[in-house]
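Each of the two complexes below includes chain A, the first together with chain B, the second together with chain C.
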Partner chain A sequence: MEVVNVQVLGLFGYLFAEVGRYAYFVAETFRNLFYKKFYFLNLIDEMNTIGSRSLLVLAPVSVFVGMNLCVEGFIFFKKFGAQNLVGMFVAVANIRELSPLIAGLITGAKAGTQMAARIATMRITQQVDAMEVIGVNPYAYMIIPRVIGAILVMPFLVVVAYFVSTLSAYLVAVYQLGLNGDAFMNLVFANITMQDMYKGMIKGAVFGGIIATVSCYSGYTASGGARGVGAATNLAVVRMSTAVVFFNIFLTEWMFM
Partner chain B sequence: MEWALHTISRYFPFVTVLGRMAGFFLESVAAIFTPKFYSVRMLEQMQRMCVHCMVPVLFVLAPMGAVVAMESLKVFSIFGASGMTSSLLSVALFRELAPVLVSVMVASQAGAETAAELGAMRVREQIDAMEVMSVDPLKAMIVPRLLAGFFITPILTLVGTFTGILGGYIIAVMVKGSNSGAYMGNLFVWLNMMDVMGGVIKAAIFGLLIMVISCHQGFYASGGAAGVGQATNNSVVHSVVSILVVNYFLTTAFFGFNI
Partner chain C sequence: MIEFRHVYKSFGDLVVLDDVSCEIPEGKITMIIGPSGTGKSVFIKLMVGIVKPDSGDVIVDGHVISSLPTHELYEVRKKFGVLFQDGALFDSMSVGENVAFPLREHTRLSNAEISRIVSDKLTSVGMPNSECRLPSELSGGMKKRAALARAIVMEPDIVVFDEPSSALDPVTADSIDNLILEMQQRLQCTFVVVSHDIESTFKIADYIGMLWQGKLIAFGEKDKIMNMNNDVLRQFFSRRAQGPIQIVPPICKDLDEAGSRGAGNGRDVSSKK
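Now for the complex of A and B:
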């Protein structure tokens, strides 16, 4: 009993300590938003890195996600003979939930882990300390450009995911499942509004903020040698995918219900 | 002509890596069936993988089930068929969401951990030391992980499915106030055994895929601490992409035969 108590207390203590440190990190990031120097070129550089690297992974993945969604919806709706309604399923599931989520997960896996690995490498090879010594604020220099860059870029990645996955769902519906293409697209457009798309983009921006802060935090607090860099990257990707899926439920409840 | 050569040469490394990975996989399959099998290490890896992946799996699948229940409750109540929420939820979870999301979480927890560990061992030349001591690193380190991925991911998938159903129950019944009996009664109406088996087989294939990719990335890492980070990053990205791509073909193969 004693051992169990100690372990449970240890787990919860660890959890709360980590959440507290993360909150402190985010607060510090916000405080340094108004630092006397804003590294604008770093921001452009980070936006370029995040956007272009994630796009090359996101676009092919979205193709297969849309195809898979269309096939699944068709199989499910065929059970009650409503297979022509698959466009509705694709529109609702894709625009509201799946595209922001997939964009978040892929950007997290690609750009987020890269941020974590790079910042952890800088921390472990003591480049962060060197930066502080020569009077460069590490938050303003490397954290804030990444966070703002992710928030600004993610909505556009979500839009790319919308278009690519809906197009691939259309191609599957017409050429694999033999549905009527015009009827499919009419159903898609009847069931989404511009509002839904904006809301999905807002979701994407929130996910971008979560991803960037969590992975920068994991990299910034790394310790240990080569093993520590790997561990920080690992922690970053687990924490951010959990956080993204968890906050998705609140965003859905707030926006679509 | 210039740009064509440029494009081809950009994709050349990709093909090379695929070939190397296939060779690596065949070598490790051969190592399973030749003597000296480290069974204790395999059990160790299985236990570690279960323990480390369980919390992320629970934390991801429960909100996912809740979100699907929320959206489908809204859409189905337009047709007055809100009882169908749980049928859609269980079919979606068993077939698609649980295998894919659990595999993504296994890739980001166990796969990244494997790549980081093996990469650190490679960078600090511990793997070379093992070879010098005539311990085959493929048998001692790769085979246990591959088998653990192959056997543990389906189990985690089933756990995740029930977590998702529980999350959907919490939202649909406790928060949105639909009928508890209707939720439980309609749960398995559209589900048949093929859906469950298809999901489990999918998960096993994804688990093997994840472990092959991350073991390959970690085993051939190079370049100090930055190299280990790069290997971890690559293993997560490649695993997630290949899971989502392979998923379409597996869905068509398992469930699309009668359409």
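Now for the complex of A and C:
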């Protein structure tokens, strides 16, 4: 089916149609925000799931990212004899770029794929139809809580990623590279403002929205048995990681230029 | 009342329903019969607005289902209790939560009240004390019955069952027939039941509709349909492989006795997915 589309419309046409369908899905999600019922308990549940699932992977990954960043910064700055400035590099690269990106990609890989697979299974086994027929709006019941949940939780995941990676960078700087810890921390604080922090969190919120809508969209439009669930999950990962990296450029240009 | 007006539905090249019109009477049991793959489930999905017709209208109590705005559609759907062909229980919820789901969503009953109704309904489908089990732990027939309990828990005006007894043993199937009759007499609700079970069709139906090759070839009161002189109906009612309905032509041909007609006339169901 998709292959036929590609042949008939060309890759561009296919992409265009797909983006159109996604936009319609997002519009429909927003429209149903004002549906008479808001499932607050589902929201809490989703926030809990997204947060706890992602955190367990995000925290260790952030440790390694921080260590890596510190070592790379050290090697680079050492060429100019300025290895003491590594704290500055770590601070800026981390809060503005790496923490939001890592938090986004990990949340996508953990919580996003779970959303896609879960909703695709419900679609394929007619549970979504059953919900509609019972008179419960599936957007309100399961899409909106996931999207809002991701938007609300992601900024905090960014902050966690930031603190964990900065701490690990600090430990490497002091205990492996033999830099002065106080100087490192002073540079970190001198080079980021609360503004940077907020902007990193905004990035996180945007990524959260992208991840949840793309995952839910991929699951919601799944068709064709177990293979369809696999395809939906696969598409979700490809689409959301591309979208996150893509929108990251615009957010950076818009907020930090 | 439910009315189909010149409903046409196809999936790609496959025409499933071709100009189907009928009026399903209120307060009666209407059975929809027809060979596998003729669009009985699609017929039901059109009725509740999950599938939209390519053209034509489906009208439920004056509402044109196919063109209703979303929130009104959800309101109209509260009139319905629907059992899908494969149950469609929510697999993340226990049986009890599944059955309680419509009550929790649409009523303000207390928890005690809800669990009383849930246990009542589960008992009436022959599954007492199974509230805590998960759908994945149930047999096919039990899933069907749990879904049945969920469909009737609100005591809806219109009850739609897609093959309620297809996965059940004859004794349980008969008790489901009795449940349908009892409910219909007590609540005067409209039943639309898809069934392959000719015996039970004759037992409980007030009206019968027969779908074949995209057409509703017969629709009317039970006695009228039973006595109709139509080859397709006669073949169906007498459970013969020979006749205008040809499911697997090559094998049937081998078994055919003299006098069978219409080989290759019917649709080859086996060639579809």
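Heads up, the rule we're going with is that the second predicted complex is superposed on the first by the 248 of 257 C-alpha atoms of A that agree within 3 Å, B and C clash if a C-alpha of one lies under 4 Å from a C-alpha of the other, contacts with A are read in each partner's own complex, and residues count from 1 in each chain.
Rule of thumb we're sticking to: contacts are C-beta pairs under 8 Å (C-beta built on N, C-alpha and C of every residue); 3 or more make two chains touch, one makes a residue touch a chain.
Computed from a predicted model, the values in this text were never measured in an experiment.
Peer 1: Tell me which touches more residues of chain A here: chain C or chain B.
Peer 2: The partner making contact with more of chain A's residues is B.
Peer 1: Now for A:Lys36: first (chain B), second (chain C), both, or neither, which partner does it touch?
Peer 2: Once the two structures are laid over each other on A, A:Lys36 reaches chain C alone.
Peer 1: Does chain B (first) or chain C (second) touch A:Ala130, or do both, or does neither?
Peer 2: Second partner only.
Peer 1: Could you tell me if A:Arg21 is touching chain B, chain C, both of them or neither one (first, second, both, neither)?
Peer 2: A:Arg21: touches no partner chain.
Peer 1: For A:Thr252, is the partner it touches chain B (first), chain C (second), both, or none of the two (neither)?
Peer 2: first
Peer 1: If you stack the two complexes on chain A, which partner ends up touching A:Leu105: first (chain B), second (chain C), both, or neither?
Peer 2: A:Leu105 contacts chain B only, not chain C.
Peer 1: Could you list which residues of chain A make contact with chain B in one structure and with chain C in the other?
Peer 2: The answer is residues 121, 125 of chain A.
Peer 1: Can you list the residues on chain A that touch chain B in the complex?
Peer 2: Going through chain A, the ones touching chain B are 57, 60-61, 64-65, 67-68, 71-72, 74-76, 78-79, 88, 92-93, 96-97, 102, 105-106, 109-110, 113-114, 116-118, 120-121, 124-125, 176-177, 225-234, 237-238, 241-242, 245-246, 248-249, 252-253, 256-257.
Peer 1: Which chain A residues qualify as touching chain C in the complex?
Peer 2: That would be residues 32, 35-36, 121-122, 125-127, 129-137 of chain A.
Peer 1: If you look only at chain B, which of its residues touch chain A in the complex?
Peer 2: Touching chain A from chain B are residues 56, 59-60, 63-64, 66-68, 70-71, 74-75, 88, 91-92, 95-96, 101, 104-105, 108-109, 112-113, 115-117, 119-120, 123-124, 190, 224-233, 236-237, 240-241, 244-245, 247-248, 251-252, 255-256, 259.
Peer 1: Under the definition above, what is the set of chain C residues touching chain A in their complex?
Peer 2: 45, 48-50, 70-71, 74-75, 77-78, 80, 82, 84, 86, 88-91, 101-102, 105-106, 150
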